[in-house]
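Just so it is clear, A, B, C, D, E and F label the chains in written order, and each chain counts residues from 1 on its own.
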Amino acid sequence: MRIVLINPNTTAAMTDEMADAGRRAVSPGTEVVGITAAHGVASIDGYHDEVLGAHAVVSAIEELHGEFDAAVICCFGDPGLEAARELADGPVVGIAEASFLAAMPLGRRFSVLTTLDRGVPPIEDVIRRHGVEERCASVRATGLTVIEADNDPDVAAEALEREGRKAITEDGADVLVLGCGAMVEVREYVQRTLGVPVVEGVPAATAMAEGLVRCGLRTSKVRGYKRPEPNVYS
Amino acid sequence: MRIVLINPNTTAAMTDEMADAGRRAVSPGTEVVGITAAHGVASIDGYHDEVLGAHAVVSAIEELHGEFDAAVICCFGDPGLEAARELADGPVVGIAEASFLAAMPLGRRFSVLTTLDRGVPPIEDVIRRHGVEERCASVRATGLTVIEADNDPDVAAEALEREGRKAITEDGADVLVLGCGAMVEVREYVQRTLGVPVVEGVPAATAMAEGLVRCGLRTSKVRGYKRPEPNVYS
Amino acid sequence: MRIVLINPNTTAAMTDEMADAGRRAVSPGTEVVGITAAHGVASIDGYHDEVLGAHAVVSAIEELHGEFDAAVICCFGDPGLEAARELADGPVVGIAEASFLAAMPLGRRFSVLTTLDRGVPPIEDVIRRHGVEERCASVRATGLTVIEADNDPDVAAEALEREGRKAITEDGADVLVLGCGAMVEVREYVQRTLGVPVVEGVPAATAMAEGLVRCGLRTSKVRGYKRPEPNVYS
Amino acid sequence: MRIVLINPNTTAAMTDEMADAGRRAVSPGTEVVGITAAHGVASIDGYHDEVLGAHAVVSAIEELHGEFDAAVICCFGDPGLEAARELADGPVVGIAEASFLAAMPLGRRFSVLTTLDRGVPPIEDVIRRHGVEERCASVRATGLTVIEADNDPDVAAEALEREGRKAITEDGADVLVLGCGAMVEVREYVQRTLGVPVVEGVPAATAMAEGLVRCGLRTSKVRGYKRPEPNVYS
Amino acid sequence: MRIVLINPNTTAAMTDEMADAGRRAVSPGTEVVGITAAHGVASIDGYHDEVLGAHAVVSAIEELHGEFDAAVICCFGDPGLEAARELADGPVVGIAEASFLAAMPLGRRFSVLTTLDRGVPPIEDVIRRHGVEERCASVRATGLTVIEADNDPDVAAEALEREGRKAITEDGADVLVLGCGAMVEVREYVQRTLGVPVVEGVPAATAMAEGLVRCGLRTSKVRGYKRPEPNVYS
Amino acid sequence: MRIVLINPNTTAAMTDEMADAGRRAVSPGTEVVGITAAHGVASIDGYHDEVLGAHAVVSAIEELHGEFDAAVICCFGDPGLEAARELADGPVVGIAEASFLAAMPLGRRFSVLTTLDRGVPPIEDVIRRHGVEERCASVRATGLTVIEADNDPDVAAEALEREGRKAITEDGADVLVLGCGAMVEVREYVQRTLGVPVVEGVPAATAMAEGLVRCGLRTSKVRGYKRPEPNVYS
C-alpha cells in the first residue's frame, strides 16, 4: 500500500518530519511518501495562505496521476481537501479531520491548541466544515508563533501544558488536539503531564488512511466528489 | 464610492454581464468595476474549480492595492472570500452570502436552485459556512448545464419554474435564490410566475456592499481577518 | 423610493433621531419618513413592552395603506415584524435583524451590547428567531439604563468600550452590534477605540431596505406572510 | 388551587369548551376558570392575529391582579407567553409548549397537525421558540379552515387521520399533537385509529400547570422574566 | 391511579424518601408505590453504574406485569428509560427528563447542579438525549460526594448556593435543577436564598406522570417503543 | 497488539464471523480475539435488548482484567460503550461509531441501512449520541428481519440495493453504512452496483482501534471516563 502525504507548504524539511511521523503510525508493509508543495508559501497562517496551499495541493494530486492508494493533506486547515477528493479515487484525509475523528472515541469533548489567536477562527471553521462542533469544547491559542515554538520546545511544552490545563478545567475537554505541526515533539510530554490523550494530526491521518484502504473503501464518486467537468484552463 | 466585482472565472463576457447587473442595484454616484480572473478556469463547477477561482480572487485583490471601497466575489461558492477579507480593509461580500442575507427578511425559508446535481453539496457547504442553514429549506438542481441554460433561456426558465414550484410545495420554501449566474435573465419570469421573491446574487451583493460602506462599516481587522503575516512566497 | 421607519415606542424625539440616522445611510433620492407609535409605551424594555410595541407597529402599518416601498421596525426586539410582513407588500426589516445581517460579512462572530441584564434574554430570543445564533459570540449588558446612557454619553461610551473589549478578548467576537438605540452617538468612538466594526441598527436596516427595493424584491406572499384572513375585530 | 385559562380570542363559546377540557385534566379540588379576550379577533390565524391576541393576554393578566396560582395561554401560537410571565408570579404555560412537553416522554418525535398551510410557519416558529425542534418530525396542514373543521367533525377526523398517517409513515413521527383547538372532539378517534398518542394542548397545559404548583414552583423572577420596569403608557 | 417509582439502585431507604417526595406532588386519590432495584449497585455514579441500574429497571418493569398506570425512573441519568417504554403501555418518565420539562416553562435557561465533576458528562448526555440542550445554560458540580452531602445538609446547602449563584450570574441560568437525589432537603433553602425556581426530579416526574394519565395519554407503540421482539434469553 | 471484539449477544457463531471480518482489516502482527456475551439475548433488536447487551459488555470487559490493547463493541447500538470506557485504559470503539467516522472522509453525507422499521429510532439515537447528525442523510429500513436477511442473501442484497438507491437519489447520501451485522456478505455487491462506498462496522472499528493504538492513544481518564467509584454490588 502506498500513502502520499502532501505538505501544502513549500518547506521540504517539514515534509520529511511529517513523513517520519506518518511512518511510525502504519504497519511495516505500508509505504509513506512525502510530497512538498511546488509553489505557494513557506508556512500557512490564516485564510490567504490556505488558498495558496489549496492550490498547491490540487497541483500535487494532479501530478501524481492516481499513483497512490490514499492521500493525506498535512496542514491543519485541510486546504484543498474536497478538491483533492474530486481528483482522487482512493481515500483522502485531512490532518485536522483525522485529529477530530481520532479524538472522538477517546473522550467526550476535545479542545484544539494552536499558536496565534488569528489561527482560532480558521480552526473553528474546519471543525464546523467537518460537522463535529458538537464534540469540541474549545479552541485555544498559546500566543507563540510557529517559529518561536520550533526554536524552543521547552517554551512550547510549557505553553501547551498551560492552555491544555485550562481546556480541561475551564472548558470541559478530556482530549487535546495539537492544531499545529510544529508542536509534535512535545506531544508525549503534555500527554504524560496532563493525563489526557493528546492527538497529533499526521499520524492520526496516516493511520486512518491505511485503515480505510484495508477496509476496501474509496472516495465516493457520486454527487459532490465526482471527477471535475471538462473545462478551459489558463 | 467604488465597488469592484471580481469574477473568479476567466470569461470576460460574464464579467460584463455581472457589472451591468451590479450597476442596476446601486445609486447613480456609485462606480461599479468588473474584474476578470487573470488565470484559472472558464467556468466554475465543483470544488476543484473553486480552488482555482479562490486563487484568482486573491491575485485580483492583491493587484488592486486597496483602491476600492468594497469588493464582491461573483461566484456562488464564494471562493476566496475569507482570504480576500484578510487582504482588504473595506467590506468584501460573496454573492452566495448576500443572496442568503437578502432572502432572509423576505420570507421564512429560502431554497437555492442550481444547475447540476454535483453542484448541490458545494452549495450546502456555503450555506453552512455562513451559518444560515436554519433558514434554508432545500437546494435543488435543474439538471441543466450552465451552457444548456445559457443557450436556451426558455428551457432554463421552465426548469427553474418546475424546481421552484417543488421547493415551495414540497420543501416549504417561500423565497428562491438563483445559485447560478447564467440564470439571471429568467429571474423576473420565475418571480412573476411563482409569486415568490427570486433573489439573484450579483445585484444583492452589490447593493449590500454599497449599504455597508454608507454605514461607515469595514472588515474587522481583529482575529480571523487580520492582514496576513509576512511569509516567503514561491 | 419611500422608506418608513416605524418607532414602536411613543417618544417622538427618538423617532426624529432614528429618521436622521436612517437618512444618512441611503442615497439622496430616497425619502425616509419616521412614524411614532400612536399608543403603547414611552420606551421598550422587556417582553411586556414588546407586546405593546408590536401592537403599535401593526396599527402603524395598517394606517399607511401600503404607501411605502419598504418599512423598518426601529426597536431591537423587532416587535411585530412578522405581522407587519403579512400586511405589507414591500420589504419589512427589523433593526435587530439588519444589524445581524450587516455584521455577518464583516467578521466571523458578533457580540451584542445592551443596557440592562434583563434585556439579554429577549435579545438572545431575537437572535434565535432570525436563525443566526451560529454567528453570535455573546450578548452583554453594560448595566446602564437607557436614561443613564442618554444623560451621560461619556459614561455610556466607557461602559460600551469595557464590555466590547470583553466580548472581543473573552467571547471571541470580532464585530460589535449596538443593541440599544440610545447608544448611537458613541458608535464611532467605540469603533475607533476597539478597532472592530460597530454596527448600529437603524442605518443598517434602512440601507438594507433600500438595497432590497433596488433589487426588485418584495415580501413573499406565499405561506407564512400571506395577507391576514378576513376576521371579526373588536 | 386556582388555574386561569386565558383564551386570546374574543369568542366566549370557545373559552367554555377550553375550560371544560381543562377541568377534565385536573384533580377535583382544583378550580379552572376561563377568561375570554376583552378585545382583538374572533379567531387567531397567523402573525397579525397573534399580535392582537398577545395584547389581549397582557390585558387579561393585568386585570387578574395576581389572583391565580397558575395561568394557561389557550392559543397554539402561545401569544404573549413571555410577557405574561413577566407579569405573573405563578407558572404560566402555553398550550403549544405544554403539548410539546407532554409529547416528548411518550415517543421519540412528534408531528403537529394544523388547519391551513399558512399556519405551518408560525407553528414552526413556536417549536423553535421553545427549543424543541430536535424532537419534532414535521408540521402538517389538513387544508381545512377552523370553521370547516368545526362544522363537520367527520371531515376533520378524516383529514387528521390522513395527515397523521403520513406523519407516521413518511416523517417518522410516533406521537401526534393537535395544533388547533377546533380539532378537540376528534382526538380520541384519531388516537384509536392510528394507534399513537394524540396530544391536545388545553388539557396537557392545565395538567402541567397543576403539577408545577403542586411541586412548589413559580416563574423565575431573575433576568428575562423580572417584573416590567416603570414606564409611561398611553 | 397507581404510579410506580422505580429506584434503580439497591438502597431501600432512598426508595422510601423518593416515594414520600412523589406522594407530596400528586392528588390524594393517586397511589404512589416505591420499588427498589433487586440487584445492581447501592448508588449510581457514572456510566458503569448506569448500565447496572438500567438492567435493574428492566427487571423491575417486567416483574410488575403492567400493573401500574405510569412509571417513574428515579435516577438522574434516566437509566433504562427507553427500554422501560418498550415494555410498558402507560407513560414512563425519567426524573432528569421531567426536571428539564418542568424547568422549561419557568424560565429561559436552566442549570443542573450535581455532586462530582465526573457526573457532569453523563448529565450533559442525558440533556442531549432528551433534545433540550438549547434550553440548558450549564451543568455544575459542587465537588461533594453523595455521602458527604447526605451527612451534612448545611455543607450541601452552602455548596449548592455557591454553584447556583455562579450558574445565574456567570452562565445565564434563571432556573436550577438538582441533579442528585441526595440534595432534596435543601431545595427550599436554595430556592428561597437565590430567588429562582429550584426543580427536584422525583416530584416533578411524579406530577408529570399523573398529568399524562389524566389526559388519557400512553406510551407510543409505533416504531421505537414497540414491544420487544420474541428472543432467546440466557 | 491484541484487540478484543466483544459480541454483546450470546450467539457464538456471530462472534466468529465478526472476528474473521476484524482480522481482514488489520495488519498481520495484530491479534484479534472474539468474545461472546456470557448472558443476555441471542440477537439485539431495540432498546430492551440493548440494556441486556450493555450489561453483558460490562461483564466481559471486567473479566478481561485489562489484558487487551483495544476493544471493539460489535453491535450497531454501541451498547455499554461509555461504561466500557470507564473500565478500560486502551481505546474502546463501537461499530456504529466507527462506521460513521469511516464514512465521513469518504463523502459528504452517509445513510444507514438497517432491517426493521423499529430499529430506525435507536440508530438515530446512536448517531446523535456520537454528535455526527450533521453528516447523516437518513436512516432507512429494508423491512427484512435479521433472520430473513441471513437466510436469503440475494433477497437481502436486493433490499439493500433498493433502499441504498433511494438514500442516494432522494436523501442526498453519497456513502452508505450497513447498520446490521447480518448484511456483511452483500457489502461488496452493493458497493459495486451503486458505485458508492459501503461501510461495514466491524472491520471499520477494528482498523480504527489498531490505528489509535499505533498512535499511542488511550481512553481519557479525566472527567467522564474515570474508573468507577468504589461501590456496593449485589
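Note that contacts are C-beta pairs under 8 Å (C-beta built on N, C-alpha and C of every residue); 3 or more make two chains touch, one makes a residue touch a chain.
If you're wondering where the values come from, they're calculated on a predicted model, not measured in any experiment.
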Joint neighbours of chain F and chain A, given as chain labels: B, E
Chain pair among A-E, C-E or B-C whose interface repeats that of A-F, sharing over half of the contact pairs by residue number: B-C
Most widely separated chain from chain D, with each centre as the mean of CA atoms: A
Centre distance in Å when chain B and chain F are each reduced to the mean of their C-alpha atoms: 42
Distance from the mean Cα position of chain F to that of chain C, given in whole angstrom: 51
Gap in Å, rounded to a whole number, between the CA centres of chain D and chain C: 30
Overlap residues in chain B, where contacts from two or more other chains coincide: 108, 120-121, 172, 174, 223-225
Arrangement of touching chains [line / ring / star / complete / other]: other
Contact footprint of chain A on chain F as seen in their complex: 24-29, 91-94, 97-98, 101-102, 104-108, 130-135, 168, 172, 174-175, 188, 191, 194-197, 199-200, 203-204, 207-208, 210-212, 214-225
In the complex, chain B residues that touch chain D: 108, 172, 174
Of all residues in chain B, those that touch chain A in their complex: 10, 39-43, 45-52, 54-55, 57-58, 80, 82-83, 85-87, 117-118, 120-122, 125, 128-129, 223-226, 228-229, 231-234
Contacting residues of chain C [partner chain E, same complex]: 120-121, 124
